[in-house]
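Structures for review follow.
Two complexes come next, and they have one chain in common, subunit A, joined by subunit B in the first and subunit C in the second.
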Partner chain A sequence: MRYMDKSIDEIRKALDAQTVTSDTLFQESVSLAKQYQPASNAFVTILEEKKEQNTSTILSGIPYALKDNISTKGILTTSSSNILKNYVPVYNATVYEKLERAGAVLMGKTVLDELAMGGTGTTGHTGIVKNPWDDTRQIGGSSAGSAAAVALGIVPFAIGSDTGDSIRKPAAFGGIVGFKPTYGRVSRYGLFAFASSLDHVGCFARNVKDIAYVTDIIKGKDPHDMTSLPDDNKKYTDTLDHDIKGRKLFYIKEAFENYENSDNLEYKETISKFLETVEKVRELGFVVEEVSFPKELLNAVYPTYMAISCAEATSNNANLTGIPFGVRGEGNSINEIMMDARTKGFSELIKRRFVLGSYILQKENQEKLFKNAQRVRRMIVDKMNALFKKYDGLLMPASGGIAPHFGEKDDQLSDRYLILENHLVIANFGGFPSITLPSGFVNEMPIAINLTGRQFEDDVVLNMAYKIETITGCKNQIAKGGK
Partner chain B sequence: MITKEKLKDYAGKLMFDMKEEEYDTLVKEFDVILKQMDFIGKIEGIEQVEPMTFPYEIGHAHFRKDEVKDILETVDAVKNASDVENNQVRVPKVVD
Partner chain C sequence: MYIPTIGLEVHCELKTNTKNFSSAANAYSEIPNRNIATVDLGLPGILPVINENGVKQSLKMAFAMHCEIPEFMTFERKNYFYPDLPKGYQITQFDQPVGVNGYLMINVNGEDKKVLIHDTHLEEDTASLDHYGNYSLIDYNRAGVPLLETVTEPCMHSVEEAIAFLESLRSVFLYCGASEARTDRGQMRCDVNVSLSDSENILGTKVEIKNVNSFNNVKDAIITEIKRQTEILEAGGSIAQETRRYDENNMCTYSMRSKEDAIDYKYFKEPNIPPIKIEREWLEEIKKEIPALQYERITTYMEEYGLSRYDATILVKEKEMAEYFEETLKEGADPKSACNWITSVILGHMNKYEIPITKLFLTPKMLVELMELVSSGKISSKQAKEVLLKSLEEEKSPATLVEELGIEQIGTDDEILVIVKEVFGEHPEVKEQYKSGRTNIVDFLVGQVMKKTRGQANPATTRKLVQEEIVKGE
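Then we have the complex of A and B:
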């Protein structure tokens, strides 16, 4: 009997009925992780020993995985970068402590795009993560390993981080659910900072109720993170089933205008299936309307994200010198040692992003690039907040297609790339709660929808997603490679 | 105008170097990125907008009292350093 491909409710029931023990679950999870590791490469570290606190919560005794940019005392935490390949933290991230206190059992640390900067799952120092539906394709990133582990049925849930779309995009390509709560809902203490004003901690699971169970445990004000939100004193699992009749959603017209005329069949099918889903969502009792959004703002989403995130990242990662921690470089002076450590420790992609960040922060470019990007960020967030006065959520295709093959590259100046492949970033600009749900298949690969709601209304987003999940036919699905 | 020399200068300021061919890739990448960045500058009325540095107006930021807590013991602080002597991280002499 396999349990790791089941829902949290089913696993809980088996544990409570003593038909299985948490020791057996841990062994099952670890052995599945090892079995799938050669094909998927989801893990940096698979734990050998189980550490469990004796508590009684919904998650007690249930194995899960953490992205390897989340600090775990005494357990290697590399951020999938060569410069940190030997780093063993001396303190715990709050999200890890909360899960530990709830009795959840950590079974491994998952691969990410190096330092969480990247969306392909191909830049981690231990190698590429493959999509469990088709190993010639990416799973997406940066939380690539966490998405793969859940899609493969190695764990029922996993923790990730999301600065642009790093939970929601790999969830879409992996056919699972990925949730980024409101900015500050989950403490960032112990998460290796990428871009502090955009970074979120969130989770993956195979159904919305499991996402709510996990979020109920990991959320809350944290004295170690001054940007963490005050407790909302809500239990998201309690309101999942609330009536949604009359809830209003919108989708953005300009995101896939004239899609019927495209030569790209996967794109056409993805959008037409999205529109079929919209019809079914209407039948549930939602009002869904097409809304026009200024095209100039949509085209500016991606460059705005690049400018802000690379600038913040350049500054945040200045502490990676290899001297107080990390892999030390060689040289006769401090400068030479740092130069050697950073030259050898970062991959090419990271260096390119840092150089871009540095360029943006140069005095002569700050006003034109950095400050203007921050101005556009406000314009986009203001526009969203204005729409959220009338609507409860934004419903969109999570991507304009299916998981790309390795090496496949879009035309980065096309509308489709700039808008449809990057609109998830809007939720990071405004800290909006945002969830990706699997919604069907194109060419036997999963496609997904994304639902983004008002700031602080995580409960409403989960309630709406829980209802929408009933019409997708994709609840609790396991990837082909995990069967 | 982006040149290889400028990019080398930025990389140097960031305390790393790149291979020649990587700088070539970067020059090409800058071409695309700067074209994308042009979208930002063309937005009407942008100059009147206050730059946004945080997702929402922060009304809840809390500062803790200035009390000693969460002490990182020296033994832990140097645990991840590769060159340690007498509980201190050793580096080459800085001042002659």
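Then we have the complex of A and C:
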């Protein structure tokens, strides 16, 4: 009997009925992780020993995985970077602490794109993460390993972080659910910072209810994080089944104008399937409307994101000098030692982003590049908030296609790339709660929709997603590679 | 002769229980790496949490320096790589610091002057590095300690003004209880800007001298730098805009980096600290906690109590001393004579035994009682001084001592007159001798009275009575 491919409700039931013990679950999870590791490479660390606090919550005794950029005391945490390949934290992240206190059982730390930068799952220091539906394709990133572990049925849920789309994109390519709550809903304390104003902690699962279970546990005001929100005193699982009749959603017209004329068949099919889903969503009682969004703002999303995130990342990662912790460099002076550590410790992609960020922050460029990016961010968020006055959510294809093959390159200046592959970032700009749901298949690969709601209305987003999930036919799916 | 223009950037560690952004103790320790938290080490994933008391102390200081205080206060990151900076950036204030456009009054050679303050901002201290032969060690005790950096306008024109400003600023910290401001522990450190010009209205090229750590060194650094620049200018050269370091052993400054090599700190808003709203009611409360400051007190002491600037300056040097003095006034003391007692006997005792005024046994009330004994003629001022010293040393109240020693003066004229008459009776010849010109016989008679009373008779009264008695006819 296998449990790790089941929902939290099913596992809870088995545990409560004592048909299985948490020890067995841990063993199952760990051996599945080891079994799939050669093919998927989802884990940096697979734990040998189970540590569980005696509790009675919905998550008690249930194994899960943490992205390896979340601080775990005494457990190697590498951020998938060479510079931290031997770093063992001395303190716990709040999200880990909360899960531990709820009795959930950590079974491993998952691979990410180095320092959570990048969206391919190919830049971690322990190698690339493969898509469990097709091992010639990417799973996406940066929370690649967490997405793969859930898609493979190694764990029922996993924790990730999301700065641009790092939970919601790999969830889409892995055919699972990925949720990034409102900024500040979950504490960032202990999450290795990428871009602090955009960073979120969130989770993966295979159905919306499991996402709600986990979010109910990990959310809340944290005295260690000044940007964490006051408690909303809500239990998201309680309101999942609320009536959604009359809830209004919109999608952005400019995102896939003239898609019918494209010669990219995957793209065409993805969009037409999205529009089919929209029809079914309407049948559920939602009102879904097409809305026009200024194209110059949409085209600015990606460059704006790059400017802000690289700038913040440059500063956030300035602590990685190999001096107080991390891999020490060599040299005759302190500058040489730091430079050597950083030269050897980071991959080319990371260095490029640091150079970019540094350039953007330079005195002579700041006004034009950094401050303007912040202004554009504000304009996009204002536009979204204006739309949210009328609509309860934005419903979009999570991507314009399926998971790309390794080495496949998008034309980064095309509208399709700039808008469809980057609109998820809008939710990071505004701190909006945003969830990706699997919605079908194209070429036997999963495709997904994304639903983004008003700031602070995590409960409403989960409620709407829970309803939409009923018409996708993709609830609780396990990737081919995990069967 | 060139006119020097001096600007100061003064860093002062604030007195708080914990560090500026972490829960580690803000305490001095000789043992390295005692007071550290994960935040102070800049470990991956840490987040700053602002210390409310640090904000409060800095607001108090901003007020005391007459600064404008913004509605929202923001924090910025100052980015640079150095091993004493564990995060790779320092959290400081740039856009909306705790205070801007303030001033502090100083007095140099009897002349009042306003030193303009550009801004004062709250930031965190770095770790300290100890360099050895071929290696260095890092002590993170200091990393994250709250610092208030106060930046003056370039508006001082002499070493004396610069030092007067530093002393004035130090006193504000001490009066507000915002810092211990001890230079010997590096709690107060300075960057000094010096430029020379031939005209008051034009500023010369600025040279910055970094990290000067005592008032004496500031003084020497300024003198040295003025001399260096003067020599260059007189030789027809020009001053390079640069950053220099003061070498106290060799009493010279040497170049660290030129203007071209100036570091771009890439300031940007600290995303982990939302703008902090400074509630006006809170400000009003903080305002109430600011005591009358040194400068204000000096003015009052001079104008209202008629003290000299010299005396007033001694009294206000420490807030506790000024408070002691003011307490005696509340008890009814005459300001000038209270000042005399404090600045002579009491201060002498404090210096001799190195005890702070707060630890004195003698309360202001006791001092006033003693002063009253003198003014009512019960004891002489010479006796009072003895009693006072004994009181300080033996920790007994002056009243008790006067009684124990039996030195209370025979106060009333009638009491003394009885004794005077006794003495005259014992020496019937004196009146004749006096008439014949031996006027110093009076001294003899006074002496006799004092002898009989074991010194308890008021000498002035005695003399007066003897004078009256001797010319009296039979």
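Note that the second predicted complex is superposed on the first by the 483 of 483 C-alpha atoms of A that agree within 3 Å, B and C clash if a C-alpha of one lies under 4 Å from a C-alpha of the other, contacts with A are read in each partner's own complex, and residues count from 1 in each chain.
Throughout what follows, a contact is a pair of C-beta atoms (placed from the backbone, for glycine too) under 8 Å apart; a residue touches a chain by one contact, two chains touch by 3 or more.
Just so it is clear, the structure is predicted and the values come from calculations on it, not from any experiment.
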Message: If we overlay the two complexes on their shared chain A, which of subunit B and subunit C does A:S56 touch? Say first, second, both or neither.
response: neither
Message: In the superposed model, which partner reaches more residues of subunit A, subunit B or subunit C?
response: B
Query: Of the two partner chains, subunit B (first) and subunit C (second), which one does A:P303 touch, if any: first, second, both, or neither?
result: first
Message: Once chain A of both complexes is superposed, is A:K363 in touch with subunit B (first), subunit C (second), both, or neither?
response: second
Task: In the overlay, answer first, second, both or neither for which of subunit B and subunit C A:I70 touches.
output: second
Touched partner set for A:I323, first subunit B, second subunit C, both or neither: both
Message: On the A-aligned overlay, A:A193 touches which partner chain: subunit B = first, subunit C = second, or both, or neither?
response: second
Message: If we overlay the two complexes on their shared chain A, which of subunit B and subunit C does A:N233 touch? Say first, second, both or neither.
response: neither
Query: Of the two partner chains, subunit B (first) and subunit C (second), which one does A:V381 touch, if any: first, second, both, or neither?
result: first
- prompt: So, does A:N258 touch the first partner subunit B, the second partner subunit C, both, or neither?
  reply: neither
- prompt: Looking at subunit A, which of its residues have contacts with both subunit B and subunit C?
  reply: 87, 90-91, 197, 223-224, 226-227, 314, 321, 323-325, 334-335, 338, 358, 362
Task: Show which residues of subunit C lie in contact with subunit A when the two form their complex.
output: 38, 41-50, 77, 79, 81-83, 86-89, 136, 138, 264, 266, 268, 271-274
Field: subunit A partner contacts - residues on subunit B that touch it in the complex
entry: 7, 10-11, 13-19, 22, 25-26, 29-30, 32-33, 35-37, 39-44, 46-47, 49-56, 58, 60-64, 70, 72, 76-83, 89, 91-92, 94
Field: subunit A residues touching subunit C - in the complex, by the definition given at the top
entry: 69-71, 77, 79, 84, 87, 89-91, 93, 188-193, 195-197, 223-227, 311-312, 314-315, 317-321, 323-325, 334-335, 338, 358, 361-363, 366, 370
Message: Residue numbers of subunit A touching subunit B in their complex, please.
response: 86-88, 90-91, 183-184, 197-198, 221, 223-224, 226-227, 229-230, 296-297, 299-300, 302-304, 306-307, 314, 321-328, 331-335, 337-339, 342-343, 346, 348, 351-352, 354-356, 358-359, 362, 368-369, 371-379, 381, 412-413, 418, 428-432, 455
